[in-house]
Each structure stands twice: as C-alpha cells, then as structure tokens.
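Chain IDs A, B, C and D follow the sequence of writing; residue 1 opens each chain.
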Amino acid sequence: MAVTLGHNQYGKDEIRVVRVLRDAGPHTLLDYNVNVRLIGDFDAAHLEGDNSTVVPTDTTKNTVFAYAARDDVVTQPESFGLALARHFVDDVAAVAQARISLELYPWLRLTHDGVPHPHAFARSGAHVRTASVTYDGTGTWVVSGITDLTVLKTTGSAFEGFYTDQYTTLEPASDRILATSVTAQWWHGDHDRDWQRSFDTVLDALLDTFAGHHSKALQQTIWLMGEAALTADPGVNELRMTCPNAHHFLYDLERMGVDNPGLVFHADDRPYGLIEGSIRRDDAPDPGTAFDPGQGW
Amino acid sequence: MAVTLGHNQYGKDEIRVVRVLRDAGPHTLLDYNVNVRLIGDFDAAHLEGDNSTVVPTDTTKNTVFAYAARDDVVTQPESFGLALARHFVDDVAAVAQARISLELYPWLRLTHDGVPHPHAFARSGAHVRTASVTYDGTGTWVVSGITDLTVLKTTGSAFEGFYTDQYTTLEPASDRILATSVTAQWWHGDHDRDWQRSFDTVLDALLDTFAGHHSKALQQTIWLMGEAALTADPGVNELRMTCPNAHHFLYDLERMGVDNPGLVFHADDRPYGLIEGSIRRDDAPDPGTAFDPGQGW
Amino acid sequence: MAVTLGHNQYGKDEIRVVRVLRDAGPHTLLDYNVNVRLIGDFDAAHLEGDNSTVVPTDTTKNTVFAYAARDDVVTQPESFGLALARHFVDDVAAVAQARISLELYPWLRLTHDGVPHPHAFARSGAHVRTASVTYDGTGTWVVSGITDLTVLKTTGSAFEGFYTDQYTTLEPASDRILATSVTAQWWHGDHDRDWQRSFDTVLDALLDTFAGHHSKALQQTIWLMGEAALTADPGVNELRMTCPNAHHFLYDLERMGVDNPGLVFHADDRPYGLIEGSIRRDDAPDPGTAFDPGQGW
Amino acid sequence: MAVTLGHNQYGKDEIRVVRVLRDAGPHTLLDYNVNVRLIGDFDAAHLEGDNSTVVPTDTTKNTVFAYAARDDVVTQPESFGLALARHFVDDVAAVAQARISLELYPWLRLTHDGVPHPHAFARSGAHVRTASVTYDGTGTWVVSGITDLTVLKTTGSAFEGFYTDQYTTLEPASDRILATSVTAQWWHGDHDRDWQRSFDTVLDALLDTFAGHHSKALQQTIWLMGEAALTADPGVNELRMTCPNAHHFLYDLERMGVDNPGLVFHADDRPYGLIEGSIRRDDAPDPGTAFDPGQGW
C-alpha cells in the first residue's frame, strides 16, 4: 500500500503584461493576462526537495515579459502563446509539455476634437478575448476563445414542453427574456492562420446568430451559435460553449395593483442554470489535450 | 453616562430591476441596480422593537419594481430616483429623507444580417452610469455620475519635481503610462434638465480632455477633466472625481539582455495611488447632503 | 462663473505589509492592509502640474513599510496608525491632515504533534479587525472596528407589526432566521488605551448580546449590541454599525408534498436590507472627522 | 464536412440551501452551496428545441431543497450528494450521469454568559468543506475536499538549487515565508464511510504536516501533506492539491536606512505561482470521472 506521486504541474498565473507598439504613427495597446503551466520531470522536487530541474515561476514570469518585446509574436494571443509554449518545451530540458493561457483585454481608441487620438484609449468591457496553446514537443493545440460576452434578447425566446415530475413548479414560458454571459472556446485545425480574422469571423457568427434566431431553449441557442461559427470558419474543428442562464423573472406587480405585460423583470443572479455544449465537425480528430487544463479543475 | 441612539438609516440594496420598453418598433432595455436609503422616525424600532413606523425593506423593493412600470420616470436614472425619493418622503409618514442611488448598465444593440436588431443586445462594459437623488421634503439634490470608466494614455504623461525625503525611492518620470478607472459624480443646479444630454455632454468633455492634454500629475488631469466638464455643462455646480492610479511599471528586461525602450510594462494593481478632487463653480452653493451617503461610509 | 478647485485628497491604498516578530520564542504574525490618505497644500499640483509639495504615493508606501519595522508601534493597528498619521503631518510640510485606515487579518497558531507550533499559522476568516486614525496637527481621532463578522440565529428573531401600504406583500414573521455580516466602528475618547483589551471587550459584548437577546427587528439588535459595547468599555464615545440583512427565506416545499416546519431555507443574497445605526454616550462630544473618510464615499 | 453535436451537460449552480436541525436540544446549522450537473439524452433540445426530456434547472433546484429536508442525508455533503445524484440518474429517464458538487460553510457556536448558546452562530471563515459525487447508474465516485484554507510559515521554508537560464533573476532563498491557500480533493475507495471522521482525519494530517516539516519547495510540501493524508486515512485512494504560492517578499528597507533582518514583507498577490500535485496509492484504480467536472473547465 505504498503512496506514489501522480500527475503534477506548476506555473505562474495572472502575469499582467502590457505592450505598446510605438513604431508607426498611432500607438497600439496590447493588454494581456498570461498564465503558464509546465509539465515534466519534477519528481525530485516533490520527493526530495531537489529543485535542480525546476524553472522558478519567477523565471517563467520574466520570460513572458521578455517575449512580449518581440513584435513578431505579441500582436495575437495565439502567436504569443505559441512562441512561449515552444520556448519552454524546446529550450528547457525538464519541460515535456507547456500550456499557455492568455486573456487579451480589448481597448478602444479615444477621439480628441473629433479625430482618433494616437495614444489615448478606453477599455472596452464588451468581452475578453482568450487563447490557450498547448505543446508537448510533437503535438500543438491552439484554442481561441471569448469570455464575458453578455447578451440578451427581450423577446424571441421560449421554454416549453419540458419534462415534469413531482418537483416541477416552473410554468412553461412562450415568451421570456433570454440572457447569458458567453464563454466559448474553439480549437483550430492548423496553426498557420490569420488569428485576428478568424476571431472576428467567429464572433460575428455568434452574435448574428444570437440576434437572429428564435430560441426554444438555451441548449438550442448554443447549438445554433456553434454551428454558425463552424460554418463561417472552416478552420475550426470544435467549439465549446459555457452559458450561465441569467434569469430575468417577470415581477408580480398584480399584487400591488400594477399591470405588468412583459415590462418589469427581476434580474436574479443566484442560483443560475449553466448550459454547456460542444459542436464539432464530423471529420475532426479527437481534441486530445486541446481543452484540458490538466489538474487545475 | 447614559447611552443614546444617534443617526440611523436603513433601506434595500442591489435591487436588480430590468425594464423593457416595447411600445414602438425596436425595444429599449433599461438595466438598473437600485439602492434605497430612508431616514426618519424609527427610534421606537431600535429602542423598543416597535416596528409600527418601519416600511419593510421588502416593501421598498416592491415599490421600486412598481415605479419601474411607469414610462414617464424609468428612462433616466435621475427621473427614476426623483420619483422614488418623492414617494417615500411624501407618502410615508415616518420617512423624513430618502436617498435613491442607481446604477444603469448600458447595452448596445446587436445587428443581424447587417441591420440593427429590434430586440437583441450586448452589454457594453465600457462604463456604468450612476445617479443619486436625495430629498427631504424641502430640498432636492440630484447627482449624476459614471464609474468603471477605464482610460489609459501610452504617452503624454509625466510625474516629476515631487517632494523628496528619506523614504523616497521613486525616480522622476518624464514619459510614463497613465491609466485610471474614473469614478465621477456631478451635482446639478436644478432638476428640470435633459438628463441624457447632460450625461453625454459631461462624458464627452471628460474623455476628450483625458485624450487631449499632456499630464504632469494625475491631480492635474483630474482638475482639467473636471474643469472641462463644468465648462461644457453650465448646469453642473460641482464635480467630484476618484481616480485610482493603475500603475504600469516599465519591466526591467536589461537584466535578461532584452532592450525595452518603453515597450513592455507590468500592470501592477496593488497597492495603488488614489487621487481625489472636487471642481466647483465659484458661485455654487454648499452641496449640503448632495454627495453624502449618510452613515454608509 | 469661474471654476475653482475644491476639497482634494490623495494617498496609497491596499499596502499589504506583513510583519514577523521573531525576538522571543514563538513568532508573532501581523498581517496588515494599510491605506494612507493625505490632505494639505496641493493646489499647485492640480492647477499647474507643479508637484513640489506632493509626497509621491510610492513614498507613502515606503514609509508604511519602514514604520512596520518598529516594534513599539506595529503590534496594534491603532498605534501603527497613530505613528504614521503623526509622521505625515508633523514631518511633511504640505500635509495638513492624514488619515490612516488599517485592516488586520487575524491568524491562528497551528499545532504539531499536539503542541502549539512556534512559526506555523492558519488564517482565521472569522472577522477582520480594522482601525482608522485621523490627525490634523491638533486633533486626533482613533476609531477601532471590525468587519466581515458573520453571525446567525436560527430562532429568537421576529419581524412583526410593521407599517403597511399598497406595496406591502411581506408577511409578518414571529420566528425567523436572523443573519448579518457585522461592520462596526467605534470612536475612542482618548488615545492612551490598551487597544487589544478594548477590542476584545467590545467584540465579546457584541457577540454575547447577539446570542442572548430576542430580536424584534435588526434595528433593535443593533441598538442592543451597541449599548452593550458602550457599557462594557467606558472608553468608547460612539459606535456605528452597518448590518446587511442576509435574508433566509423558508423554502416552499408544500408544493412538492414535503413538510417544511422551519427546516429548509434559501439564503438569498440580493437584494438585501441594509440597516445602520449609531449608539453614543450622552456626554460624548461631536465626532468631527472621526468617521469621515473625506471624499472617498 | 457536416457539423455535429458533441458532449453536452447542464444543471443549476450556486443553490444556497440552509438547513436547521431542531430536533434535540441545541440547533445544528448546515449551510450549503450546491451545484447540479446532468449528462444524458438531450440531443433533441439542442437540435430541434424539443425539451421533452429536459428536467428544467428550476426543478433540479426544487429537488435540492426537498432533499435538504431529509435528516438521513443532509448532515454530510457526501451523503447529500449521493442521494441527489442517485435520484437524478435513477428517477429521471433521460439522465445518464449526474455530478453534484457541494460547498459546506462551517459555523461556530457562540457563547452567552460563558456557556454555549443553543441557536446562535458565527461563521468560521477558516476553510470551506467541499464534496463532489458522480454517479452514472453503475459507478459512483465520491470526492471530499477543502478550499480556502490559508496557511503560512514564517520560517522553515527555503527555495534553492533551482534551474537557471538567461531569464533567471530570482535569488535562492535559504529562509523565506511560505504561504498558500490550500485547495485539496480526495477520492474515496468506497462509499460507506464515516465522512465527518474522514474529513477531520485528513484535515489534521494536512495541517500537522504543514506545520511540522521543513520545506525545500512548495512541491515538496504538497507531496508530504498528501502522503500524510493518505497514511492517516487508508480509505482514500488519491488526493489532489492546488496551491497558489502567496508570495511574501522581504521589503528593501536598506534604501531608507532601516535594517530589515527578516521582519517586514510585502504580500504581493499577483502574479502568483500555482503548484499542483496528485498523491495516489500504488494499488488505486484509475480515478475515471472522479475529479472530472465534464465540460466546465
């Protein structure tokens, strides 16, 4: 009944690196939050306190800042992640696999006297762009994504005909508010892509579909949004969505003698439904470690 | 050495009321977080547990939802707050003063097939619009505001020539990143205003000034932004700003043999400077209770 | 209609300083979050960008760390705050008033092999101890406090006999759960006190009273707790409490054929009541700036 | 190149159910946060908006509250989760697998007049107890856990002899502060256990080991703590730990002429190292879905 060391991994989280591109005319602002995760030959550190193979997390932080100085990789989260993952695996002997997860916070250019200003920005809180890149020396998995994209339909959504049992008290709704904060991740079939163009294409497909369809369930909405994204960008193998159902309940004003024909709602944030789905191409290979954060569940 | 009851107040916080305007053509979405605070004759509840004058906070919540059904007040946070404050003071005997604080979360209309969609929205995270209205049966104070407006200049900011003592280690900076998350509140001279137009005017003045000036200190930036706002909207008596200094430190890459001429920064969020200033008209009266939340400091 | 600079203040927030006392036997751990706020002659910085009187917030941070090395002040938040406030006002020409706000996170000593361990600790999350000290060169105000103290009574609480109007739907409750997260601040009559003993005395009085009384309203609970605290510690002039009402609603299980005689509750955290009260000695002077954070409301 | 639906799951999150045990003498308080996740035959909801097999998340919420009324299951998170998981899979036709994740917030009994009070409590913030139970009609996986357990050693920790490269700037430390917020999960070999006793045994082993050992790396600390837990409770097959390294940097006071021999530290919370490890029995079977939340990574 001996005890043994199983899977282990480590890294640095929430490295907040900001890069300014100054070369030509107006500045560009790249605002990143980077997480590094390394897997490899670190048994001796656990079992004996022998750190000779361990890259300190402080060093991984320094490395992220150093790579942010490279114009050829820093402009897209996917290329930034690829460069970092390849460095850790190819250049550090003990590292067998690296996973780089990035958040990119979008900023909007401000205007002054009615014209775009070359170096003043306001943060767009409309969404956060994400990427995660995994590399093990042989295989590479690039996943792009988005989070904190909050969308709402004031009509064009129903939830009816559901299963009932002794615990059912919900009334069917033929017309309700549908709201959710979308987190989506999509895995690319290759790594030589125009990342910005792909991101814009997928985001447009998600938003256009959310607006344009009549929803019979958040599950159906997820399916339709994902299907539209894969149709719009044939370079995507699989897309996963996680959508909390941000409930908006019609408030009972009749008790107070006030009419409420679909006008006033209570945005009730706990508890919430959480609906998750994957949409894949028929011929896509197994995603392997693409979406797998390792231990950090 | 008797003990006595001093100032007291109570209310309901974080009432999340969402209103849909459906009347004509495209829907409008109004997404509010409302706080109610009441001051009055509630000594017996404290001293004897006699609740006969106490409006339950549950009732104040119901009242907020009921007033959200009124088209004539709900479209602007200032008018919504005015109606609620007047109700509580004028209609409830024990209430001597009411303060309604509101947050309005802006949403953007989505497009579908290239045209604006009548009932699909995405939340703009660019800022939150706020208002607080105080009424005591005689006087009324309306304060508009904004929060979570995050802005950044990649250049055009310095901090030099400061006081030094034995605890000084900061180097003067002739060119630095300036970033802050603006919270501003401005007190109006009267209550018969076009609230939306005033809000847009002040926001434009704040942003245009932030972009357009060269900053020698965040204090100076606050002054210039506030001065511009009061100049742009003569109906504003006083504006107060609270600006955390979101530090961006040039990362020392020389240690690793990498050149860093103002390119790579560490966004370090704790601790942070906090700079606060008020800008007033010479002839403005004392703000009295306009900005005072009562006890809730 | 000229525009003028009004009240302004600045400082450094969330300075996370940890001090270890190593001198004799077991270590002591002091885990602080410190905020510094300075008021004074800083008009030129705003109006002209002339920083010659401005102590950089970076310097105030350094100063906090330097004072943390002093054994004679660091062990109590009140004495730590007093030393810092006096330094800024007495030693820095431009500073007219300083306010130091501190949070002290309590830690518990771990055991090993059944005996207390000299240098291993676990953080107690039961509450946070606070203090704020204000000094203007003449007057000194010391306020001690507590926050994040979450307490609950499963019975012994009612809310009945309240005011009703057309918006009332709440049913009177003769037996309900009462729960709140207490924030309290108390202002001392002098500054030569045994701070630890005073804190322990007040906390004991608050908790003992919360447990021992039958509550007819959270307002009454606040009054009784505050009265007990001022009775227990005659050195306290005034105590202010802010108590969110953490609602626990009996869940309607009858609909599902399950009996629920006061057993199963839904802890519903938004919206929440917020009840605030002050308890004072009859002969206490005006608190002046004791509780006033300045602009940062 | 058709698009197809892949893995999907849904449920309700953050169901805040509070149970009072009133039967005999002093009350007992059980304060839960419950998440439900269901996997099964829900393709039609996605592809056609046919909800006939879908248990609404509202119903799952009702079910959690109803089961909280059952004395035989509610007292331990593991038994509560087992009962709920079995219900969803065994009683609802479309559900093939259920995963119930629970947080239990511990409360401490207050005293009044020096004796334990029968119905007044204060929340212990020292940690949160967790459990997750997965059941697929055949197999059952029970995982117990703890989170938000923040521990610190003021000495008895080093980090030396690590790998260096061109990005290394960290100095080796022979004596440093070690601090972390422990999240641990451990998978049981069978499901007929005294859950409370097992939890207490594992927690004691973790804390005693953290206090008693000299750490050469956080990796080693994780290994030793896990090894001690598996030794103390032979019913545990595998334990996984996630430990953010809460950095405490010695503050450079020499620059200001102040000596700092291991006294004053800056608690710097971003970025942070994140160290994760698994400790297993040699003869433990594959954990299968025990630790796998499905899609919600």
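Going forward, a contact is a pair of C-beta atoms (placed from the backbone, for glycine too) under 8 Å apart; a residue touches a chain by one contact, two chains touch by 3 or more.
Only a predicted model underlies this, so the values are computations on that prediction, with no experimental measurement involved.
Of all residue numbers used where subunit C meets subunit D, over half belong to both copies. The two sides are thus made of the same residues. Each of A-B and A-D has its own count of C-beta contacts, and the greater count is at A-D.
Between subunit B and subunit D the centroid-to-centroid distance comes to 38 Å (mean Cα coordinates, whole Å).
Averaged C-alpha coordinates put the centre of subunit A at 30 Å from the centre of subunit B. In this assembly, the C-alpha centroid of subunit A lies 24 Å from the C-alpha centroid of subunit D.
Residues of subunit D in contact with two or more other chains: 16, 62, 66, 167, 169, 255-256, 268-270.
Across the interface of their complex, subunit D is touched by residues 166-167, 169, 255-257, 268-270 of subunit B.
The touching residues of subunit C, when paired with subunit B in their complex, are 1-16, 35, 37, 42, 45-63, 66, 91-92, 94, 159-165, 167-170, 215-217, 219-220, 222-223, 226-227, 230-231, 234, 238, 240, 242, 244-245, 270-283, 291-297.
Those residues of subunit B whose C-beta lies close enough to touch subunit A in the complex are 16-22, 27, 29, 31, 62, 65-66, 68-69, 107-108, 110-113, 117, 119-127, 148-156, 177, 207-208, 210-212, 248, 251, 253, 255-256, 258-260, 262-269.
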